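Chain IDs A, B, C and D follow the sequence of writing; residue 1 opens each chain.
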């Protein structure tokens, strides 16, 4: 159902896996600084930070799934079906619809600290983009190039902003519960464990990797959360951009959902449609898709950042195989 | 399906849980030294070590499920359906039927070392007690008051005698595989585990006992084997006979099968019919049943050990409640 | 750290395991109807329902760990260290200290419905019994002979009263999280599972009980909660009081903490000090202790229910062994 | 430590992950039909089937890690440290060293049936390639384009040839134990499980993918075996070569070992150095490396199959990123 991370290795890399059973026609979309950002209940932003990310463009509006701005603030929306609750418009609050939430934050905030300020008066309202395009139940990971990360959840009890000390978000249950659950797995280790089960008896490990025997591998959101936290915290830092991008995608692919393993309806299976990541310092956006293993990239700063027109790049979804003979 | 242990605490205590869906009319049976032990293919033993244990008496023959002799050698037969294989009579071998195996060993051997000698020429033969009472597929735990224990398994590949370093036996798969599997659980601990999952993040244990979170609790034989090894190796030693017997039964009850949890056929459920144990030094036989929590005891040396008649004690299976007012 | 249940089998049986590393000198205590119940901030109750249960009597005040009243309402306090939060006295509320909470409810309420009413204006206040006897962080299970059960938790966010559909309470995390976590184990079954892992390959179950392979066996509160829910929902109903009491104690002993398995400090181990249960219809109180397997009983109605003096029964904590010869 | 599979989807795809902490300078190597294959104790093969695969070329000898021949028979050697045992030369047997084993089989056998014939007289002998290049402890997966697969293990008890019904091989323990262990996970499912834990209570699944909650995700060989069997048996079949190759690599990457997660020595970590696969019908060899996500390919039939010289292709190990702007 999706996994989002912030990976730190000199630079910071922010992005996510999108796990779904259907694809929506998303593209890589760069929104330049002067593209007018309209909001249903808030004033238009005529000038704002430029944004790059994965979006569905509908009626010339970039519906971002995830992305980052030129200042190095990233944000991704992930499925949160069940706990997610959005509210009626409330006087005196900043009423923003979930579909506007990513440009609202990325357009105005340089970093997590500024986002937290804006969130203080936020009310996520239940206004659909259109009758055809209704709101998805989402929660969000927001992270910046200082390494700070927060989780934003709007539930029946109100808007919650949680510090995210592990730089990972998946889906339900609510974020504090995901953190609590990590304690169950705290003994998982890359190293061979000491034998505390039967200290009077020598037990031979029959396999390398015995320390991670209890690491979960399921498609469910708790399993992915635990596995990703472990993977991310033990991932090495590279010495080059290419090495970092390589490590980053291995971290995301560690919780990839393969086709056929997560049945969401009769003969319908959710899988990892794409994995993406932005270097928050350089603004370069990288992605792979289920159908194309090669890493693709779009450079934010190679485009005109001042204009009023969206820059759109179709997904390179055809498997690109390098024939050596 | 059954669990057998040797518990060491000054004295040694040997016995088992019997887990089945039906009861066979077993009793506590003391076989005195001069009760003639007949064997189908081996010479009769007119004089032998006295034996105490749980047995079904059929045609005046004590079909022992488990027991111990006056020298402090204990032996129990446990379900081993699948791998168990018994052979035709073989010339030049000591041909013993599985139903005779416990008296054959306990009648003649003082300890595990002597049992090993006898096992060298043993052939477990496929001779039923009767057409009505056919052989069960079994394997055996043999242990003595020095703390030595072995597992005996007769499979299609022959008779196997394994040292048992953990003093526990349950059921399938074959014993070396049970030992190998312990390595998967070696990080289970009574103590709170170190956080190696996410060393960059402080994780609060929300519960005492977090170190045993991965201890299995299933009714299956692997789960019981792992749980019992952990329980036994961390069990304290008492300072009195009563304290030891108390600890011993807690060790066995840790892998008790409660009614309703192990469905072996339509509306048929296996459960722990009885739990028993012999003090290998004193010969006192203790037991509880599913229906009677109180510990009952039969003293071997309170009976005539020289006679030719079996001493039989009915199971105290009615719940004995101590009314305090 | 403790497990409390309501078991239904014709009559209803309510009680708990007390898991701790030290014993406090508790007794079986019957509080008759006219024993004056004093409260620090609430009016004295001179007449109230009679109560039976396990309590520490301090300065002639019955500090109940758990118990039930003559109307068949039961209540138990269990460790809730971390989330538990008690408040200053608040004007306009019914200010009750946690140590008074059990007599406050059991003295006045016939059933869960009446308890819910009383809870509407309750404020659990941070008033210690004495400087020597400070408040424990607790939450509570309240259940009645109609089969209704609720969980009461006082946390930093206020007093929470949750319907308890599974009739089980252990410890942290908060009750809704324990319920959510059950979903992770929903495939655990008494029956042999279908092979959905590898449907193209026949997989032979090597053991009975394979359906419960993933049942947890740890000492931690999540493991005990899951195991107890499974055990309780599959426990048979007996046809006699003795059969029911027998089943009830097997349900509690399924999550017994054996000595040595839960290290809470250097050479300090938590274990199940006692297990108890009240027949909510007859008022008979049953218990076992770690040191005494036999079931003991105290009949409420055998004592004078009208008096002003507590009836106290010392715990039968010496192992009572039935010597058969 | 390595995972090898046969994936069936119209055509058959055979290959493996190589998981190690060091790289040996392997290349894609095509051995044409007339390249003389020398053996230490067996007659030279001057004419044989052409072979393609991953190999280290040493002294002009192709030390294959894995590969396939032009007839569609594939073979891979995987770590089997502990159980692996190789024997002295034995008169009357076909004495082959493990380092010669892959060309010995792939050079002469069209399919698994023919390989089984050759294996009847095989003795795997303990002859090192050189003092510098000693034998690795290995076992092997052999599979063909009919979908047949076998596992070959040489242990202290002799040479064992097992039918492999799941088309997966990882590492220890011995193959029959890996199959037995699958039974523990048979309830794992792509679909949402029925609630058999607590049938009296409605349990809401909080996440998609709940059926795979118990799927293991560890680096150890049992975890990878279980996860790969599940992944492979539920993988869809594509309708084109590209779709099949795509699915195939997702199956292998599902058990990829990410850097940092499997510590095999101080600051030394095993990881998936490469993943490869051969279309057994067309002979095209595909691979990815940890450092290069793009799929690379070498066509067997594009080279001269008749010659005496090895065709060698360096690994495309530099990350190839597709810059879209």
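Remarks
Basically, contacts are C-beta pairs under 8 Å (C-beta built on N, C-alpha and C of every residue); 3 or more make two chains touch, one makes a residue touch a chain.
Composition by chain, UniProt nomenclature: A, B, C, D = choloylglycine hydrolase.
Note that this is a predicted model, so its numbers are computed, not measured.
The set of chains in contact with chain C (choloylglycine hydrolase) as well as chain D (choloylglycine hydrolase) comprises A, B.
Across the two candidate interfaces, A-B and B-D, the one carrying more C-beta contacts is A-B.
The chain with its Cα centroid farthest from the Cα centroid of chain A (choloylglycine hydrolase) is B. Separation between the centroids of chain A (choloylglycine hydrolase) and chain D (choloylglycine hydrolase), computed from CA atoms only, is 34 Å.
Measuring from the averaged C-alpha position of chain B (choloylglycine hydrolase) to that of chain D (choloylglycine hydrolase) gives a distance of 43 Å. Chain A (choloylglycine hydrolase) and chain B (choloylglycine hydrolase) have Cα centroids lying 55 Å from one another.
Annotation for chain A (choloylglycine hydrolase): residues touching 2 or more other chains are 173, 180, 184, 190-191, 204, 206-207, 210-211, 213-214, 220, 222, 230.
Those residues of chain C (choloylglycine hydrolase) that touch chain D (choloylglycine hydrolase) in the complex are listed here as 165-166, 179-180, 182-191, 193-207, 210-211, 213-214, 226, 229-230, 233.
Here chain B (choloylglycine hydrolase) touches chain D (choloylglycine hydrolase) in the complex through residues 173, 177, 180, 184, 220, 222, going by the rule given at the top. If you check the complex, the residues on chain D (choloylglycine hydrolase) that touch chain A (choloylglycine hydrolase) are 1, 28, 82, 171-173, 190-192, 204, 206-223, 227, 230-231, 234-236, 242, 245-247, 249-251, 253-254, 256-264, 269-270, 286, 288, 290-291, 293-299, 302-303, 313, 316, 318-325.
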